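One structure below.
Letters A, B, C and D mark the chains in the order given here, with residues in each chain numbered from 1 onward.
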Amino acid sequence: MNLLDFARGAVMKWSIAIFLFGMLWRLFGMLLLRRTHDYSEPRVHAAGLGALRSIIRRSWPRREFQARTAYGVTVSYVFHIGLAIIVFGFVPHILFIRNLVGVGWSGLPGGIIYFCAVITLVALVMAIVRRLTHPVLKLLSNFDDYFSWFVTAAPVVTGLLAAGHYGGRYEDLLAVHILSFELLLIWFPFGKLMHSVLLFLARGQTGAVYGRRGAST
Amino acid sequence: MSALGDFPIKVVSADPARNFSRVLAIVNEVESMLARLADAGICGSIDLRSLPMAPGDRDVLRRIFAEGEVSAVVRALGQTQVYESVVRGVWWVAHQNEDGKVAAEFIEITHMPDILRTPPDDVADGLEMLHAQLEALGG
Amino acid sequence: MSSDINTIHPLETEGARLSIKKPALRYDRQGDMSDGQRVEAAMRTFVREFGATSAIYLESCIHCGMCAEACHYYVQTNDPRYTPVRKLEPFKQAYKREAGPFAFFYRLFNLKPRVTADELQKWQELIYDSCTMCGRCTLICPMGIDIARLVGQARHGMFQAGLVPHELWAVAERAEREGSPLGATPKVFKDRIDWLSDENAVEIPVDRDVADILVTMSSIEIMKYPQAIVATARVLNALGEKWTIRLDGYEATNFGMLSGNSQWQKDLSMKMINAAVRCKAKLLILPECGHAYGAMRWDGANVYGKPLPFEVLHISEFLARNLGNGRLKVRNVPKSVTFHDPCQIARRGGATQAPRQVLGKLGVDLHEMTPSGDGNWCCGGGGGVVTIHRADELRYKVFQIKMKQVDDSGAEMLVMSCSNCRQTFDDGQAHFKWDKTAHSLLELVADNLVQ
Amino acid sequence: MSKDDSIGESLRKQGISRRAFMKFCAATASLLALPPGMAAVMAETLSRARRPSVIYLSYQECTGCGESLTRSFSPTLENLMFNVMSLDYYETLQAAAGTAAEAARKTAMKENWGKYLLVVDGAVPVGHDGAYCTIAGESAVDILTEAAKGAAAVVSVGTCAAFGGIPHANPDPTGAVAVSRIVKDKPVVNVSGCPPVPEVITGVLAHYLTFGSIPELDHLGRPKVFFGETIHDRCYRRPFYDEGKFAKTFDDEGARNGWCLFELGCKGPVTYNACPTVKWNQGTSYPIQSGHGCLGCSEPDFWDKGSFYQALSTGTWSGGAVLGAAAVAGAAIGVGAAIVSRRRHAHSEKEKQS
């Protein structure tokens, strides 16, 4: 058995298993904690609407914050959109998803994907440089931040290397690419990558609380 | 029984809307080799087997390098078709086996393909043969 | 210590802001617990209150640092220590160790070290002196984390650990014991009402057995801006309402909440609720005070444990309602006005439009600040910060944002609907010898009533 | 014809002209991807070389490789190749049988000890002391071990000989292994494929004849000249992959337009072979050109790498039960953690009361 078979076989199975295991553990462990009922008389009754509005509106900072956050927001948007295009637009990735969950769609030309990957990588590098140099981010950052960055950037780098045949035989590069993604899967539930799920919950509950108060959400 | 035409088979041919990237690469290579032949007298050769070719690419190439002034047939272990293309100095050499299948195919950029020259060994053979003939004629 | 508080820590009533006099010696640690007990108490209390809501918040932070850009302390100092979410760091550690889904592993492998008493002591400045719980960070957070609310919870832990800034602890203790944080005891209050009633020839009903409306006051108003009482009485009398003030439940400020003692918070709120229930009030009017609005309008029912049997309105909401339906009439005020939004009423309370409707009826030329409404900057005095002397320097720094906002608006008159903001402005005005004076929205209406 | 003749001499005796030989060399040089000038050098070397003795052994195999070999180039050129070699033992083609055949092999080995070329197709079963494959009472392992001792080099023809192939596939009841697992002290060239491209087999033999050495090999022992690049990289459908144009089924518009077969499970990207350039049946076509994805037959364990029709970027694992169990366990532990946390809360709440 070579590295590629290992990556496509046992490691993939167990990384998905750990992903599911960790996701459910963390979500249940959090969501089933005590919740207190709010008895106050709401100003606006549609709390669900406030939650929804907040989930959408928090995707972009309010006007008064835009000047001070423009750089960080732009960089984050670039790599988030870039990652989304790569993950959901590249045909081999779509096939991976289709094979796993049974839903597929048509993909984008390879050239566009490679271009996006390079842009994404540049944005990721800008993000980590900022994290390493900005006084606030330097102070806030911990192992989770750096490791999560690493497991996010690694598949992009290895994917580009595989696509370009740089640094080894294609099957090995592909194996390393798949393994790096599996590392991401394993880490996902335990670190801050969870924000991709939690953002809906956190925004939603703030939106519901301040929505019923009639305040900005 | 359906006629052959009813089967969903698409015959791929050299239609103009196709992707020409592969053909273009070859023609560019020929162009630079021809320039070298003209400037420095250096011959060149392109082995068509070594290039990825789609069905139909060869036809496009054949159209560009169509038969010109010279053509020859070598009969040795099957036929070898040799002709100079309309692009002078560019030769098409197709080695066939005895079944008429192509065994190797080259575009040669040269004044004269080697396969047309008589090798010294064969000259020696020829001489030997001629001597035998003369002997037979009683000379 | 508590029995000596009046003599050891006397009130400073003559200054521009109301607090206890600047203490010669600070007692920023209360009680005589050991360090271990303090940490234990802080973490226990913090974790005890932990529900799913706060858990989701703490788990969601991506350390993007955007909250710093919304915080007046960071913006004015560029000191990364003031990054809002970092103010929760020890409490986040406690959560991960004690209550999170992976708590077992965090404890087993000591992935997050136990918080130390020294750390907590250091964090006191971050949790109290440099946070007004204004909630701008909540508004900017891309994850929607309610950082201000978490700081409130962290303060509960700090209170149990006996690690509250001296002044804040002192006024809270006083409020619990005397019924008012700043000396506005029932007796003092009653004297003031009698005097104001005579002086201004206005009827102020006290302790009616039955009334439709229960009016509450902020001790800052009682002690420093007594005209607010008169203004309230004029408005209600003009409307012909059946209203009352009750000496068993008048104090609307809640230093129990600000200092972090949830039991005291409850005690203070229950006084008003019980008073309103006793006189069968249909409406409880909150004074021009920011945190009082949050404490009663949004937390009151939860303290009570069931929906309140009466409506709760901020005075600006009450004015907007009665000006809107035409029951109250005012003269035109031909002035340009800018309005300062009190954080707890606007951004965190949702009553952002009411004062603007009132100003609209007054016909003023409203020059909005930039930004305004829910995004407005905090005055820097909320969350009890204005009482803390050692925080003054920092508070003046952040107040400069406010001064620039007001100056840039180009308005002649500065109006607000929170007496705590107002005293912060007064103090800032005195400190910077600024030419802008803060005015009360309520008083502006009362002064221009058409009978 | 005498074994002691040089190759050139023996061809001349057969009346093959130098020009014809040159043509053969040009075709072979092209096959070996040698620069065009090398054809002349090759002709010179080959004509002076001694005819080498070749012993061809077959074990666990289907004779597909032999079938393939006999279809290299053309009758003429293949004959030429066989004519320049002295094929002294090959069960499939030889006239001799039984003890005579075995005697021929032993004689050839003895006469050419240390110089003959050993060609093997089929995997070698080592389970039960090699009992699964015996010839004339000797086990395949023993014959191979002995024959390899006197060989100058060994050529493993086909994926079975090169990597164990289908006999080695799960569950491998006979303990089939690759030739290189038995022969450790001789150079072994793996000419993999199921079967290998015929011209690749003859190309390796021609290389050995021309240069007297084995060609440069990759990390799996395959000649780089034929196995240096992936099917994908030399595929004429590659531009469609880059454009994101894929056939979704074998009879859709994409399939008819000749689009990339990646989605239909083509293993071209990780398969190293000469199919796209040398092609099959005298350069007529190769699987992808015929509309079917590459199976990856020249790679080790190609039979056990999941479905031929499953895209390369998908997993090859099975066992949804593990995932289900993981999900259930995760949920259970999460619920448990929440309960513990709630208990701790209730406990401290009680303490607070007392």
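Methods note: a residue touches a chain if its C-beta (ideal position, glycine included) is under 8 Å from a C-beta of that chain, and two chains touch if they have at least 3 such contacts.
Being a predicted model, the structure only gives us computed values, none of them experimental.
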Chain C and chain A - chains in contact with each: D
Any chain that touches chain D and chain C: A
By mean Cα position, the chain sitting nearest the middle: A
Whole-Å gap between the CA centroids of chain A and chain D: 42
Centre-to-centre distance between chain D and chain B (centres being mean Cα positions), rounded to whole Å: 31
Centroid distance [mean C-alpha coordinates] between chain B and chain A, Å: 57
Whole-Å separation of chain centres (CA-atom averages), chain B against chain C: 93
Where chain C touches two or more other chains, by residue: 50, 99-102
Contacts with two or more other chains, residues of chain D listed in rising order: 334, 337-338, 341, 345
Arrangement of touching chains [line / ring / star / complete / other]: other
Interchain contacts (touch definition) - all pairs: A-C, A-D, B-D, C-D
For the chain D and chain C complex, residues of the former touching the latter: 334, 337-338, 340-341, 344-345, 348-349, 352
Contact footprint of chain C on chain A as seen in their complex: 25-26, 28-41, 43-44, 54-55, 58-59, 61-65, 68-69, 72-73, 76, 134-142, 144-145, 190, 192, 194-195, 198-199, 201-207, 209-210, 213-217
Touch list for chain C against partner chain D, complex: 44, 47-48, 50, 98-104
Sites on chain D touched by chain A in the complex: 219, 230, 232-233, 241-244, 246, 262-263, 269-270, 300-301, 305-306, 310-319, 322-323, 325-327, 329-331, 333-335, 337-339, 341-342, 345
For the chain B and chain D complex, residues of the former touching the latter: 8-10, 12, 19, 21-22, 45, 47, 49-55, 57, 74, 76-78, 80, 95, 97-99, 101-104, 106, 108, 114-115, 118-119, 121-122, 125
